[in-house]
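Shared between the two complexes below is chain A, which has chain B as its partner in the first and chain C in the second.
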Partner chain A sequence: MNIENVNRLPAITWRHLKINDTIIENLPESIEKNNFSTFSSVSGITCTDQVNTLSAIETGMGKAAEDYVTANANVVNHFQITQSTKDPVFLSYSMSNKLSAVVSSQEIVTEAGTEVSFLFDYNSCDDSSVFHAGTTKIHAKSGSLVKLIYVQTLNDISLSWENLGIQLDDDARVEVTQILLGSKRALSGIKAKLAGNKSNFKLNCVYFGTEEQNIDLNFVSDHFGCDTNTDIVVEGALAGSAVKTLRSTVDFKSGAKRSVGRESEDVLLFSPTVRNRTVPLILCAEEDVEGQHAASVGKIDHDKLFYLQSRGLSELDAKKLLLEAKFSSAVEQIPNEDIQNRVRAYLERSVDANADNF
Partner chain B sequence: MRSFEEEKTDIAEIDRSVYDIKDKVDAGYTVQNGLTREIVEEISRTKNDPEWMREFRLKALEIYNGLDVPTWGPDLSGLNMEDITTYIRPKTDMQMDWDDVPDYIKNTFDRLGIPEAEKSSLAGVGAQYDSEVVYHNVREEVAAQGVVYTDMESALTGEYADMVKEHFMKLLKPGDHKFNALHGAVWSGGSFVYVPPGVHVDIPLQSYFRLNAPGAGQFEHTLIIVDKGAYLHFIEGCSAPKYNVANLHAGCVELYVQEGARLRYSTIENWSKNMYNLNSKRAMVQKDGIMEWVSGSFGSHTSYLYPMSILKGENSRMEFTGITFAGNGQNLDTGAKVVHAAPNTKSHISTKSISRDGGVSTFRSSVSILPQAKGSKTATSCESLMLDSRSRSDTIPVMDIQTDDADVGHEAKIGRISNEAIFYLMSRGLSEEDAKAMIVGGFAEPIAKELPMEYAVEMNNLIHLEMIGSIG
Partner chain C sequence: MKSGLLNISDLKVSVEGNNILKGLNLTINKGETHVILGPNGAGKSTLAYSVLGHPDYQVDGGKIVFEGEDITDESTDKRAKKGIFLSFQNPEEINGITMVNFLKTAKKAVSDKPLPVLKFHKEMNQKMDALSINPDYAERYINVGFSGGEKKKAEILQMLMLNPKLAILDETDSGLDVDAVKIVSLGVKEYKNEENALLIITHNARILDELDVDYVHILENGKIVRTAGRELVDFISKNGFTALENQE
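So, the complex of A and B:
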């Protein structure tokens, strides 16, 4: 089956560009329904399998993707955070021919003033084609803090997506880090509604597209409250015949006074057959705001290369170093050393495999 | 009583009185409203089209009937083609001497300063009134260089008929969108310019388009060919008085910049606020050619306007400089498109927009670098100024990069006049009004300096406004 109208732009543009939305094809018609949740009990967090409390929160990938997950979910978690927790909630799925599909429907509600971190990890442990589809909805109540780190290192014949919907109340803060390295088709959609005054949304997304990979991203931040803040940073590299599409939107609604929204993107291109598509929107119905977007797309900076080579590195090593540096701040956000090492190893393999292009 | 918030951002409406003077509609010939095969054939017959053009019009009508109205941009539901008169011929033939133009038309162009401009600073002038060109003239010394500047109808049957046939609607095809198809079916008027190889036209040519009749459409076609190594600056102005019914402008501008040539195309659009301005402009730029667009959008109820450049030849380049000022009742969707289709091509898009009093301004762009366009560079910068919270300002740019050997930069900013800047200038002795005028003027200055002097003055008049209490 196919899903249409996925990752749709909040304000569409010329149809012939074929960039207003995307389609996901050849999805499994049905998924094994066992609940594969890997959550272990943590003090201050209650977890149930009732996920209908946040249905009003919209997601970045849209309703069709949500509905597919709702109908097929085999991981269902509703997390209620009543106390701050120091250690991250760690949900890891090592996928293989024995666990070939994880369709997760999850909700996170943080009570006022609490702080919590989640680490979602999806990796492949064999060469079989696997499928991950996830919807995660977050309601960050007043003054609460949610950190969500999503690491996806599935093999290059898989299909995966993570679809987030976030609502932030007064003074709430949500920080999302996404590391997208694997899957033949990888999608991510995030829609953050900054409903409360002084709420704050921060996103750092990194990706490395190689071979035939197709990465499709849609990030939307809707500013409703006063003094709200968005900071979206997307950094990536493309090699082989990889294709990446980024739709990124900061939308200042009327009344969102003194709000600030920043989007930036930096893409390194390593092959003549890559394709990089970017649509950075700023929508504005409020005078008293500050919106900015900056994008830079191209080859590695020759000045930086020259400097590193003058310090004794070969050209290839200098390029590798600059590429690793691009990912390092996101990788350092992973609160688990084993996964950090796995991500670094994955990156190194990808870099070596594409070194001919460098 | 107005609130302080309303008062403080009140920037006055553009003074349109000179544009809004209506002439009595006294057409020599008018077709029925709406769009049918019979109407298209009638226009073709009236204009003595060659057979190929009659067939072209009918084919375009077929395409028009098969295409949908675009829904991705501003609302067009207020535009009903059944109410639009597609062809109105004024009671005069084309003249080459202002004295021969009927008084009521001459007076209109006099008020707009067209004859004066011709005398002082233009190499040639064309003036279109409703559907037909009423005046066309070019200076003798320019004509002596071999420069052809004439109305499209004359070009269609004259010495350059084959050249026109070879290029007409080849860049902008009727199938591109519904309003190009409409244009193909009912086009009338416009200018044809040919600049021979190596000729540098030192002072600009100008065409001015005036739409006087209520409920009318204007569909002029501009075709310019700047041959190898030549240079031309072409200026286009447009205006209309305001009526309570929708008027439609769906012109087409096709520009061919040959090897090593350079063309600057400047537009000051000041249509009335009942106008649907659905205009299409496209340039094809050959090796080492340079295309420069300067575009000011001030009028219209609704605009769709995105001049496009196809950088077909190696080392060709394009610069687009634009300003859009959207006020009460206006929804102006403007921007630019560029396709890098050859190695080492360069493009630079720089735009400013101002939204006030409920106006909606949208910057929309598309930058494509094709796989063969190695070594290409592109930079886009768009800045938007919001003058109140009743208005909207959106930016919708698309970048599609299909090679690694490209250098792409993009930046966009949106904001308002800062209190700090106003207070600083006031602390240096400026009045509040002068401070605000200076800031808005400074915001628009990079555009103004690209315009010919008289247009820069006009633009400053348009935006250098009564800034009563306009601290933002």
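So, the complex of A and C:
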């Protein structure tokens, strides 16, 4: 089956540009229904399998993707955070021919003033084609902080997506880090509604598209409250015949006075056959706001390359180092050393495999 | 007799079609300290970049010989491995690579042998302390968020750790306050011995306070127009380049 109107741009543009939305094709009609939840309870967090409290929160990939996940979910978690927790909630899926599909429907509600972090990890442990589809809705109540780190290192014949919907109340903060390195088709959509005053949304998304990979991203930050703040930083590299589409929107609604929204993108292109599409969008219905957009698309900065070479590194080693460095700050956000090392090793392998392009 | 380290003969270099160096000759022997002075736009930084082989700097004629070997067409990393170091006027900021990891990678690259890690860290900590660099900076990304002075000190730290045969300092003292110039100058003094050499490009005589200067060259319009001893620095500091022209 196919899903249409996925990752739809909030303000559509000419159809012939083919960037208004995307289609996900050849989805499994049905998914094994076992609940693979891997969460073990900890103090301050209750977890149930009732996920219907946040249905009003919209997601970045849209309703059709949500509906597919709701109908087929085999991981269902509603997390209620009542006390701050130090250790991250860690959900890791090592996927293989034995666990070939994880469709997760999850909700996270943080009570006022609490702090929590989540680490979602999807990796392949064999070369079989696997499928991950996820919807995660977050309601960060006043003064709370949610950190969500999503790591996807599935093999290059898989399909995966993570679809987020976030609502932030007064003074709430949500920080999302996404590391998208694997899957033939990788999608991510995030819609953040900064409803409360002084709420703050931060996103750092990094990707490395190689060979025939297709990466499709849609990030939307809707500012409703006063003094709200958004920082969207997307960094990546494309090699081979990889395709990436990024839609990044900061939308200042009427009344969102003194709000600031920044979006930036930095992409390295290593091959003439890659396709890099970007739609940066700043929508504004309020005068007293500040919207910023910055983009850098191209090759590795040759002055930086010269600097590293002047210290004895070969051109290839310097390029590899600069490429790996692009991912460093995101990888350092992973609150688990084993996964950090695994991601670095994955990255190193990808970089080595594509070094002929550099 | 002193042995030749760097021999530049009739070097002509252009950048984007503009001729910058127009037949420059310079010989530096082991143990020597050379100073290059010259007005803005004379080609001082071009000389530094050309010795390291920056791809934007096109060599149109002449040659650069290092330890008897013609390196005019060598890649930058090979020149670095032979022992040439450049302290950049505007060091690059590089996100995602910590200073300590960069130093380790560079040390391994130039020495081509395994790195004794404990010894390396001990040495780095000592040198950072001597240069009054906050130890936390080792874990920070290369030059990111560093002040102008901190960047220059980080360059000198790299020089001390990599211990090159020839160090070229391109306006390392610019943007430094009096105390920082003193610290950097002492760092350079610590590096200097009879087996290596220094080429200092500067506008400022203070960095030379701690150093024995052998030769001072005036670079004007792409050529070295005068060579003398240290007294030339004092003359230029006092009277400027125009006075030198009038004197001629």
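Definition applied: the second predicted complex is superposed on the first by the 358 of 358 C-alpha atoms of A that agree within 3 Å, B and C clash if a C-alpha of one lies under 4 Å from a C-alpha of the other, contacts with A are read in each partner's own complex, and residues count from 1 in each chain.
Methods note: a residue touches a chain if its C-beta (ideal position, glycine included) is under 8 Å from a C-beta of that chain, and two chains touch if they have at least 3 such contacts.
Computed from a predicted model, the values in this text were never measured in an experiment.
Student: Specify the outcome, clash or fit, for chain B and chain C once both structures are aligned onto chain A.
Tutor: fit
Student: Where does A:S314 make contact in the superposed view: on chain B (first), on chain C (second), on both, or on neither?
Tutor: Second partner only.
Student: Kindly classify A:N2 by the partners it touches after superposition: chain B alone (first), chain C alone (second), both, or neither?
Tutor: Neither partner.
Student: After superposition on the shared chain, which partner residues are touched by A:H302: those of chain B (first), chain C (second), both, or neither?
Tutor: Touch partner of A:H302: chain C, not chain B.
Student: Which angle, in steps of 10°, is spanned at chain A by chain B and chain C when each chain is reduced to its C-alpha centre?
Tutor: Rounded to the nearest ten degrees, it is 80.
Student: If we overlay the two complexes on their shared chain A, which of chain B and chain C does A:R15 touch? Say first, second, both or neither.
Tutor: first
Student: Check whether A:E324 is in contact with chain B, with chain C, with both or with neither, and answer first, second, both or neither.
Tutor: Touch status of A:E324: second partner only.
Student: Have a look at where A:T46 lands relative to chain B and chain C in the superposition and call it first, second, both or neither.
Tutor: neither
Student: Go through the superposed model and pick first if A:E290 touches only chain B, second if only chain C, both, or neither.
Tutor: A:E290 sits against chain B, while chain C stays out of touch.
Student: Tell me which of chain B and chain C touches more residues of chain A.
Tutor: Of chain B and chain C, B contacts more residues of chain A.
Student: Report for A:T278: first if it touches chain B alone, second if chain C alone, otherwise both or neither.
Tutor: first
Student: How far apart, in Å, are the nearest Cα atoms of chain B and chain C after the overlay?
Tutor: Between chain B and chain C, the minimum C-alpha distance equals 16 Å.
Student: So which positions on chain A get touched by both chain B and chain C?
Tutor: In chain A, nothing is touched by chain B and also by chain C.
Student: Which residues of chain B touch chain A in their complex?
Tutor: That would be residues 9, 72, 364, 366, 371, 374, 384, 386-389, 391-416, 472 of chain B.
Student: For the complex, which residues does chain A have touching chain C?
Tutor: Where chain A meets chain C, its residues are 301-304, 306-315, 317-318, 321-322, 324-329.
Student: What part of chain C is in contact with chain A in the complex they form?
Tutor: Per the stated touch rule, the residues are 52, 54-56, 75-77, 79-81, 85-86, 88, 91-92, 94-97, 102, 105-106, 109-110, 141, 158, 162.
Student: Please give the residue numbers of chain A that touch chain B in the complex, ascending.
Tutor: That would be residues 9, 11-15, 17, 19-20, 238, 252, 254-255, 269-299 of chain A.
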